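Letters A, B, C, D, E and F name the chains as they come in the text, with residue numbers starting at 1 for each one.
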Amino acid sequence: MGMHQYIKSLSDLENIHRCPGKFKYEEHSVAAHSFKVTQIAQFLGTVEEQAGNDINWRSLYEKALNHDYTELFIGDIKTPVKYASPTLRDQLAEVEESMTAQFIETEIPEEFQLVYSERLKEGKDDTLEGKILSVADKVDLLYESFGEIQKGNPEVLFTQIFEESLNTILEFKEMDSVRYFMTHILPELLSEEFTNQEELHEISNRILEEHEVEQTFVI
Amino acid sequence: MGMHQYIKSLSDLENIHRCPGKFKYEEHSVAAHSFKVTQIAQFLGTVEEQAGNDINWRSLYEKALNHDYTELFIGDIKTPVKYASPTLRDQLAEVEESMTAQFIETEIPEEFQLVYSERLKEGKDDTLEGKILSVADKVDLLYESFGEIQKGNPEVLFTQIFEESLNTILEFKEMDSVRYFMTHILPELLSEEFTNQEELHEISNRILEEHEVEQTFVI
Amino acid sequence: MGMHQYIKSLSDLENIHRCPGKFKYEEHSVAAHSFKVTQIAQFLGTVEEQAGNDINWRSLYEKALNHDYTELFIGDIKTPVKYASPTLRDQLAEVEESMTAQFIETEIPEEFQLVYSERLKEGKDDTLEGKILSVADKVDLLYESFGEIQKGNPEVLFTQIFEESLNTILEFKEMDSVRYFMTHILPELLSEEFTNQEELHEISNRILEEHEVEQTFVI
Amino acid sequence: MGMHQYIKSLSDLENIHRCPGKFKYEEHSVAAHSFKVTQIAQFLGTVEEQAGNDINWRSLYEKALNHDYTELFIGDIKTPVKYASPTLRDQLAEVEESMTAQFIETEIPEEFQLVYSERLKEGKDDTLEGKILSVADKVDLLYESFGEIQKGNPEVLFTQIFEESLNTILEFKEMDSVRYFMTHILPELLSEEFTNQEELHEISNRILEEHEVEQTFVI
Amino acid sequence: MGMHQYIKSLSDLENIHRCPGKFKYEEHSVAAHSFKVTQIAQFLGTVEEQAGNDINWRSLYEKALNHDYTELFIGDIKTPVKYASPTLRDQLAEVEESMTAQFIETEIPEEFQLVYSERLKEGKDDTLEGKILSVADKVDLLYESFGEIQKGNPEVLFTQIFEESLNTILEFKEMDSVRYFMTHILPELLSEEFTNQEELHEISNRILEEHEVEQTFVI
Amino acid sequence: MGMHQYIKSLSDLENIHRCPGKFKYEEHSVAAHSFKVTQIAQFLGTVEEQAGNDINWRSLYEKALNHDYTELFIGDIKTPVKYASPTLRDQLAEVEESMTAQFIETEIPEEFQLVYSERLKEGKDDTLEGKILSVADKVDLLYESFGEIQKGNPEVLFTQIFEESLNTILEFKEMDSVRYFMTHILPELLSEEFTNQEELHEISNRILEEHEVEQTFVI
């Protein structure tokens, strides 16, 4: 009952595809998503550090790398289910916690249980690192949905995901890394060529206005 | 807001793959699974009818065909999560019901809402047709897991699914169609050539004994 | 030589892809197609019933569910080959019949042979259920081709399939379910956003005029 | 109406998969098969030449490269259908010929029609090059089936294909290249490690005996 | 150590996908590419022959069929790496030669080593057949990139590949087959319908002008 | 010319598949590999830390996460090519360095160039973190090859990769984390059920002996 099962399970994350039930031009596994979120968090952390904020790098990498591991035993519960009622949400969080605890007890050798308890905990807390993870997770989702929109996916879901991701990112608009994202990265993304460019511009402008962020790009 | 969205959504069921998170030689979509379960239910119904039982064919086909449609808006909640506590299970069932109700109200034209309320309801009730659906669903799962075992999938999960499916089928051992399955179909399946034939024989024998069903095949 | 082979063969229908030889964004198996046709037939039957027509539901489900099973042993003979000459067409129909008969004799247990002879027969006859199957089969084909057109497939074949499907559906324009389809579903489909929307509108209008059906939508 | 459509159609051959309707570990397109058959024919031609036989290389390459092109407009008619009756077989051959003629007339520029009439003709005639094509086509099929058997495919069809291929190859046992294949290549293939090695040895031995060819390998 | 390994290795060419690292709507294997290049070379050779030039058909087919076989043991070295410095380029060519020599010595039976030395040599020499191969290789690449552009791939790389292929083809503008391609095939390709048609027209015109070739098509 | 291209390029790493040219039951992208190597490095670092060694976590995560990013512009040069001669190896390393430098200059905003120079440098140096990366990279490769062996892949290459990986890991046998791997993880892996278990045991034993490491498991 040692770490062999854990190492083997990493490959199972290559077999979970994100956003099942919709046609996509490009599939993304939870393993690849975790890699990209950690890369994005690494970049956002760099921006924060250059802006003079202290980053606990160990914590940042750890949070980003492990943030979706528990999908292995929890599965992919659709957002509307999760948020159907506060009671249900609390209960699901409780079940996730107790299943994680049980997984650690049965699958992780005793001497590493404490460390992995920490690693598999919900990482999106109020620390700077927790907030960077929240943003990085949504930046990757925004890129995933943008990839579909740009390739011409007629499914409106991907425009909704784009919107919802941008909205969540802007909840953290006070952060230096989010400001950098809005000023330097989003305009580049929106200036790529694609058929429905105008629609995405309008959506982005509207969301920026709602968050009282000044528009940093022009059509 | 008419039936166009419903017809289009059928194709989304081709994009949900069963049993995510494990390597499989062969993927099965929820659409293909629904087809196979309806075919198997059609056969089990035939056995029941020849044994002199009345079958409401309309109900049987309807139950089988539609039994997994709600996965589209509920998602795939892992069994251990679902059964973590009786309260949680009840709450999830409630959410499923209310989401189904809401889906029907917003996506199905009024004149068909009653019919589709019936069609998207949990079909595994105590009627003969409901029981046939319960069995057919597990027969397909048993074949899915057998397909992996026969191709040499080293993942023990598939042996567990085989066991669990057989167990559930045998809970209905008083049914004529289940007796036919045990006597005529399972032995044929187990006599196929494959590396770990002996192990599956032993598992099957043990489960049969536990259910006090006489063994109908020899190694 | 019991039903094990039949149940196993259902999975082979997951391995036959429709319309080979052309690039498609989305593949559809014969198993998934059969599921969707049965769902569409279920809906068309509902419309007919609400219009006061008697539906033999058992027959309708049976016809739809099994209508492509024989592709397993016949294969996919291209339409131009099938219709090259009346003699060839008759001979191919004869071969299909005799191969089906032989399959039933060797693979289906005696007590079920009569039932499966009926099930694997050509279902598109002149009964209301047979006509619903004809329409449902083409509605799914129309949606398959629409899915490709909407995603930007440059292959003209899909526009031809869209046309040909609509044409066949309109041969049944006296049916209540077809009228419902033309009035309520086709307009919704055509109002979806996609690049070549205008072209599909024109095609649809032209076909409607040819069948002397009043246009029910505007650009 | 020039060669653009022809060049584009070559890519359609990448979208036809061989042997539909059966689970395979590895898919093979008609394009890849054509490449491999031409490579194998090139090798068999080399053996024949070294044995002192004259090879018309232009004809050999041409026959092998183009031998399955007509599948694009004929489709994949299952062997049992094709051979159901001599009349049907003749009629199908006739249709294939007339469809090929029509394809050439409408798709190939006039100045190249004669050349392509020759290229798209059935190549498996009684010339040495025609016989090499017959053998090469079956050698690739034998390797395709061997690939599945070696990977543990439980489907008996692949053993049957292996047998049937070997049988056809041995119909040409007087050819120097076939003798080389039996003496130098088949033994190497059979000495590869795989679970059901013994079964394939027995099958091969039996077929060799039936063709009165001396066994060239030992278990 | 006979030809069994060589025949088996042909299937490995089905497992190398061209242009890794970029999203593509359609994947192309080296095996399928080799088939298409040989087909295109066959056509270009026909044009040359009709223009009165002598074609060594054996050499032409041989060069085209085998031109990418060595990718199996060399791998896919990115063009910028290959051309980073003249020394590196020479050294890589040397390594390729010595690895090919070693492969032939260890994997090909002695009596065929001379023939296969010839076949696995760089085929793009100054003979007419070598030049046809150079052109055919780029025509297929141009069609591969056109396929992506036409389907709406937003990645600029494919426009660059289109340009670069056309440029290389025009380096051979004195050849009759290249003139045929420019006059009869490219205009047909560019007149296909697709979103960014204008851009490709402009690119093509510019390249034609740079090579002082008269434009043969109008928008 | 900001970080948008960098973030977008992360998705290109999902489109590079490892070990092209061989049939595999399971494909692994460079993105997923990078995720798994970082996870394994995280674990090995934990072992080292518990053994009393100081870990620079920031450096460890950074090295592991970014170690294969440059494959995007260098490509996958086969090992035998890379090691064909010391001169070639040096030259390739030089080209890699200068291409990385150029990539950073053109694609990374100035204020982050220094940080990314560090991140995209070869990470396998003589620091403890560099050595952990060397081991983690090979542990994932060993698991990838084991996955194929366990599923019955007949290709000997995977046994060779297993051997070669184990050999490289044992070059670091003085490390506490490697000792843990040999004592606690390898035995668990080898005790999994699979057909050629004995062969892998023998290989592992032989390699352990060659490295004068005591065997920690029994058959």
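Here is the rule we go by: a residue touches a chain if its C-beta (ideal position, glycine included) is under 8 Å from a C-beta of that chain, and two chains touch if they have at least 3 such contacts.
In this text, all values refer to a predicted model and were calculated from it rather than measured experimentally.
Between the contact lists of chain B and chain D, the overlap consists of C, F. Where chain B touches chain F, under half of the residue numbers in use are shared by the two copies, so each contributes mostly different positions. Seen from the C-alpha centroid of chain C, the farthest chain centroid is that of F. The chain pair with more C-beta contacts between its two chains, of A-F and C-E, is A-F. Note on chain placement: the centre of chain B and the centre of chain C lie 26 Å apart, centres being C-alpha means. The geometric centre of chain E is 34 Å away from that of chain F, both derived from CA atoms. Chain C and chain F have Cα centroids separated by 51 Å. Within chain F, residues 11, 13, 23, 25-26, 147, 152, 195 each touch two or more of the remaining chains. Interchain contacts give a graph that is no line, ring or star and is not complete, per the touch definition above.
All chain pairs in contact, by the document's touch criterion: A-B, A-C, A-E, A-F, B-C, B-D, B-F, C-D, C-E, D-E, D-F, E-F.
Residues of chain E that touch chain D in their complex: 2-8, 10-11, 13-14, 26, 28-29, 31-32, 34-36, 38-40, 42-43, 46, 50, 57-58, 61-62, 65-66, 109, 111-112, 115, 119, 139, 143, 147, 184-185, 188-189. Within the complex, the chain D residues that touch chain F are 25-26, 147, 150-152, 192-195.
Partner chain B is touched in their complex by these residues of chain D: 23, 25, 152-154, 195. By the touch rule above, chain D contacts chain C in their complex via residues 11-13, 15-17, 20-24, 71-78, 80-81, 84-85, 87-88, 91-92, 95, 98-99.
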